[in-house]
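Next come two complexes, and both contain subunit A; in the first it sits with subunit B, in the second with subunit C.
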Partner chain A sequence: MSEKILEINDLRVQFKNGKEKIQPIRGVNFHINKGETLGIVGESGCGKSVTSLAIMGLLPDKTSEIASGNILFNNQNLSKLTEKQFRKLRGNDISMIFQEPMTSLNPVFTIGDQLKEPLKRHKKMSKSQARKEIISMLQQVGLPRAEQIIDEYPHQLSGGMRQRVMISLALLCKPQLIIADEPTTALDVTIQAQILDLLKKLKGESDMSLMLITHDLGVVAEMCNRVVVMYAGEVVEEAEVNELFDSPKHPYTKGLMQSLPSNNDRKSKLYSIKGQVPRPSEITVGCAFANRCPHVFDRCLNETPPSFNLGNHISKCWLQDSPYKEVSHNETKGTAIR
Partner chain B sequence: MLDFIIKRLLQVILVVFLALTAVFFLIRLSGDPTALFLPPDAPREQIEEYRELLGFNRPMHEQYTDFMANAVQGDFGQSLRSQEDALQLVIDRLPATFQLAITALILSLVIAIPLGVLSAYKRNSIFDRIGVGITVLGQAVPNFWLGLILIFFFAAQLKILPTGGGGTWVHLILPTITLATYSIARFTRFTRSSMLDILRKDYIRTAKASGVPTIPLVSRYALKNSLIPIITLVALDLGTLLGGAVITEVVFAWPGIGRLLMQSLMNRDFPIVLAAVFIIALIYAIINFIADILYAYVNPQIRVK
Partner chain C sequence: MKQKVLLSVKNLKKYYEIPQGLFKEKITVKAVDDINFTIKKGETFALVGESGCGKSTTGRTILKLTEPTDGKIIFDGNDISTLPYKQMRTLRNRMQMVFQDPYASLNPKKTVREILIEPLRVHKKFDNVTRLEKVKSILEIVGLSEYHLDRYPHEFSGGQRQRIGIARAVILQPDFIIADEPVSALDVSVQSQVINLMLELQREFELTYLFISHDLSVIQHMTDRVAVMYLGKIVEIAKTEDLFTNPKHPYTKALLSAVPITHPKEKKERIILKGDVPSPANPPSGCTFHPRCSFALDICKKQAPITTEYSNSHSVNCHLYTEFKEETTHAINHS
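Here is the complex of A and B:
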């Protein structure tokens, strides 16, 4: 088995609002291997972004905290780092591409001013050296006229160009891990494909690892080696990408796959999973997905399912417990036909 | 850019013209000035003679067109009281007013901006709460009252500072504090809320994610963004400080335009009032014009190509 670059063990993040405490992340486990692309999927509000902010140490410090668990990056426990130690990692060893390229760049500084920060902070480069480096990086991410763009302001660039700038910002210090939080969600479809191609190409050129957060299963199929499915602050399923698409185990994953519109079948109504992700405060006992699950039975309502390990395939669902396994198999078939 | 400047200069002229016109007519509602310059028992003929001499017996529109025709050439007439050139009298008072306004402005910026930034950065802390409390108080306290209280303590009781007058930097202390209090409160609150808003922006998170430490993050990345709305506020306040420090100047007998304007109004010395209004309106308009240019400097999105 290859070397793990990031390992998250039983991570719990807690948000405080006055006396009220909620846990949007409730015991998350997963890891990323060196050179691998890990997809994290799930609906809005299931904790994908909070997990990534926790890895970056960018959770709002007054209202949130890591309640338990740890995040190991190259065997270094990130949750124990001081702010100063963490700063040395950010933008250097781990960097992040955010969802919103339109608002993620500072409107009153030039592109060059903003991109030179990681080089200045981490690599102690001189101005002219940094400038050269930035121009070459802007060219690498496919921006035309990089020499001019470096002196331009964000409002002079289109959304796709800004996301390319964000990608070059993340790549400047050649990090070992890049977290891309829905990097294409805010962009036009044609630009989305270009940005994904670019990420794939850049990834292929080095041995960095990529954690790709998305709610688009198409993107996952295209980009990832392994997939983690999150629901209501938990990992509900984890598998190799082909394995996951061939035989999804968790009813939530199946629901997500069924929700993909198919090309051949234009007349039928689009499928959606009924209901919505429960708020962290609404989760009490049992399986968090129980109220939306087509296979729900008594045990789901009373006991929280553990993560069943089926040999490189993890599913947090009672259907994987041996007595129910047969039932689940038949029932799944039934749902697929229906 | 040239288009922009020409357009704004035309606006400056319009503002000054409208201010003069309004004041010209309004001031005449305050009554006939001749009565103030002659003894109460002066014979009717003498009053009439005096009115004719000063031109107050002519129809209003004639007086107005005459005044404007002269004003355009920089002639605002002579003081009714001292017979000196009205505009010159006002201009002579400018340095004192400028001195007071600029020191008050610098004092308020030097105190308010760091205070506002710190307050925003440490929001909801004890420091922030005390800060907000004090600024509310600072905005609520009337100028003249604060001025009188300061005189009472520092001049009358402790006898360490003069009660009023101008000339040395010691005279500057109390009026500066009085004037700056309101601006400090206003700027602090504004900087705080503007900064709070900016600190929540995505691009601040981006900078943090690139490894920028807190101090440059706040003082460089966030501050430049939050200064944009503050520039407008400073321009408006500087205009008020330069033209309208009337009450403070009167309380401290500061020899500036505000006090001259006040005295001239009491005396119905129309030419001086109009000359002062002219200068104040001009300063106000020019400062706003400069603010617009500064704006373009900090905010590239409105920079005209």
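Here is the complex of A and C:
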């Protein structure tokens, strides 16, 4: 029943940095089913935004390239498309909501001018038709006085309203997949609640799929069906949302959850993962998380772990290999007490 | 146990004027409008609110980085609101600030050694040799080491930079630190490290914090008392436990309910506020929250509410509680 709308196989992205080449994305695999919300969680620099740019074909062409792997959207390989073919796709079948509503709208065009573009390019609508469409879309995303806002400039709107405009821009051509890159990070909690509520409502009305990139586990808990956890350019864990929150398998995911203030006693010392995210150039052999992992053993330092599949729950950690399972079980108990 | 009051702020106001041209009347923005609170020695007091509510301005005004328009700031028994610049400067060895953005608050042209020695040099403390020893020991305390001394800020990650910012504030051994969103620019795993550091330092040096943040989960974790701000006014002050279990002001209720859930199975009743925060240049009449409030009464539109003591150390700024009517409070709890 669940049809895959997007599938990413062993994606590697390379950036040229002077004479050096660095690989911020080192073998990413995941898929999105039709109509589901997939959350992608990770800290800054783990490659979640680069992955989304690769899907959209927005990587800078001079300094970066897709080194290997493919991105299949409805069984069409996106990594081989030309710019012209991409233009047909972007905004029409896949569209994106960016993080900064303050900077992602053009300040010198009115809202109407900017929203008209995708309709003109993809739907070949006449001016009056497009205007009608835009006003109804602005009303749908909950903007008051849509007829006036269409002729206003972005600086006249507040952050929450601009993000609503961005959402309506993404929705105009009724895409099959929306990529939302930290859509609420720049907003206040009360506005965040409004926007998440809106996204949920809009998703309920159509059968589009949503890829939600965030670093906030609370947003994931609220919105997503399945979650992919990324660390240092790799997918370290993938699971259904309840499964992930009930029994996280990878030590990094466990650490993330335990370090949330709400999962610790008030005023007590917070659990924290020691050290910090390695730079792409610092990653050598073995598991990328080994230097911060509380359960590290010899094998982690020498061999890169494969993705162990435990029935819809994928974890990239040697602890999931059967001989070590016993150890992992005991050690999780240890950390829980601490 | 009666604790000593370290800082009390009385009727503090900070207005900004925006000129509209030669013959037009100036617009006054009431960034901080008549706020009162006290901070006891050794406690962590939080200011929470959305962006633009005046919480950072309050912090900066207390340190007199911007001059207050009116009101009193009493620090350790002395009114500092009228102190001249020079005396204020010497007083700042007892009150320090940690800034929000660790990328912008460290001078990129100075090494860590220079950054950390500067406060000691300005306040003429110790001789050169002891200063360097102090710097080394503080680096150790905040979790960096001696070989970081001659590096520049750009060589550090965000979390490490924030540690340097904290070290710079703590090196003078102040009594009082204003932390303006110290962890909001950091990732979750680094955020917990910095919070732990701040809690440790508080225990070690008996610090008093004014913790400014918009992140309610961090506030719930590390503060003793909370003041909720909305459009330049404090709408509710309470002990942290009281505020999170029994919020009174409709705005606090909405704010708490907007926090994302922590587990997908958790069910949460959500009060979603309509619209945005009004512009502080043109605030609504009466109670500034009334256009977004679902319990607004007629009086809310005309008259600003006064602060009402709801119970011991829990005060609310809302007409629903001014006469302490049992019926109205019940109505809110059930709806």
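We adopt the following convention: the second predicted complex is superposed on the first by the 335 of 338 C-alpha atoms of A that agree within 3 Å, B and C clash if a C-alpha of one lies under 4 Å from a C-alpha of the other, contacts with A are read in each partner's own complex, and residues count from 1 in each chain.
FYI, a contact is a pair of C-beta atoms (placed from the backbone, for glycine too) under 8 Å apart; a residue touches a chain by one contact, two chains touch by 3 or more.
Note that the coordinates shown come from a computational prediction; the quantities given were computed from them, not determined experimentally.
Once both complexes are superposed on subunit A, the partners subunit B and subunit C fit side by side without clashing.
When both complexes are overlaid on chain A, the residue A:98 reaches subunit B alone and has no touch with subunit C. Look at A:272: by the touch rule set out above, it reaches subunit C but stays clear of subunit B.
With subunit A as the corner point and C-alpha centres for all three chains, the angle toward subunit B and subunit C works out to 70 degrees, nearest 10.
In the superposed pair of complexes, A:189 makes contact with subunit C only, with no contact to subunit B.
Touch criterion met: A:118 reaches subunit B, while subunit C stays clear of it.
After overlaying the two complexes on the shared chain, residue contacts for A:88 are found with subunit B alone; subunit C is out of touch. More subunit A residues lie in contact with C than with the other chain of the pair subunit B and subunit C. By the document's definition of touching, neither partner reaches A:281: not subunit B, not subunit C.
When the two complexes are overlaid on their common chain A, residue A:56 makes contact with subunit B while staying clear of subunit C. Contacts of A:126 after superposition on the shared chain: neither subunit B nor subunit C is touched.
Here's the short version: in the overlay, subunit B gets within 8 Å of subunit C at its closest Cα pair. Subunit A has no residue lying at the interface with subunit B in one structure and with subunit C in the other. Across the complex, subunit A is touched by residues 50-51, 157-160, 187-193, 195-196, 199, 214, 216-218, 220-222, 240-241, 254-255, 257-266, 270, 272-273, 275-277 of subunit C.
Those residues of subunit A that touch subunit B in the complex are listed here as 56, 58, 62, 83-84, 87-92, 95-96, 98, 100, 103-109, 114, 117-118, 121-122, 153, 155, 166, 169. Of all residues in subunit B, only 124, 201-214, 221, 224-225, 228, 298-301 touch subunit A in the complex they form.
Interface residues of subunit A, counted against subunit C in their complex, comprise 43-44, 144, 158-161, 188-194, 196-197, 215-219, 221-222, 224, 241-242, 245, 255-256, 259-264, 266-267, 269-274, 276-277.
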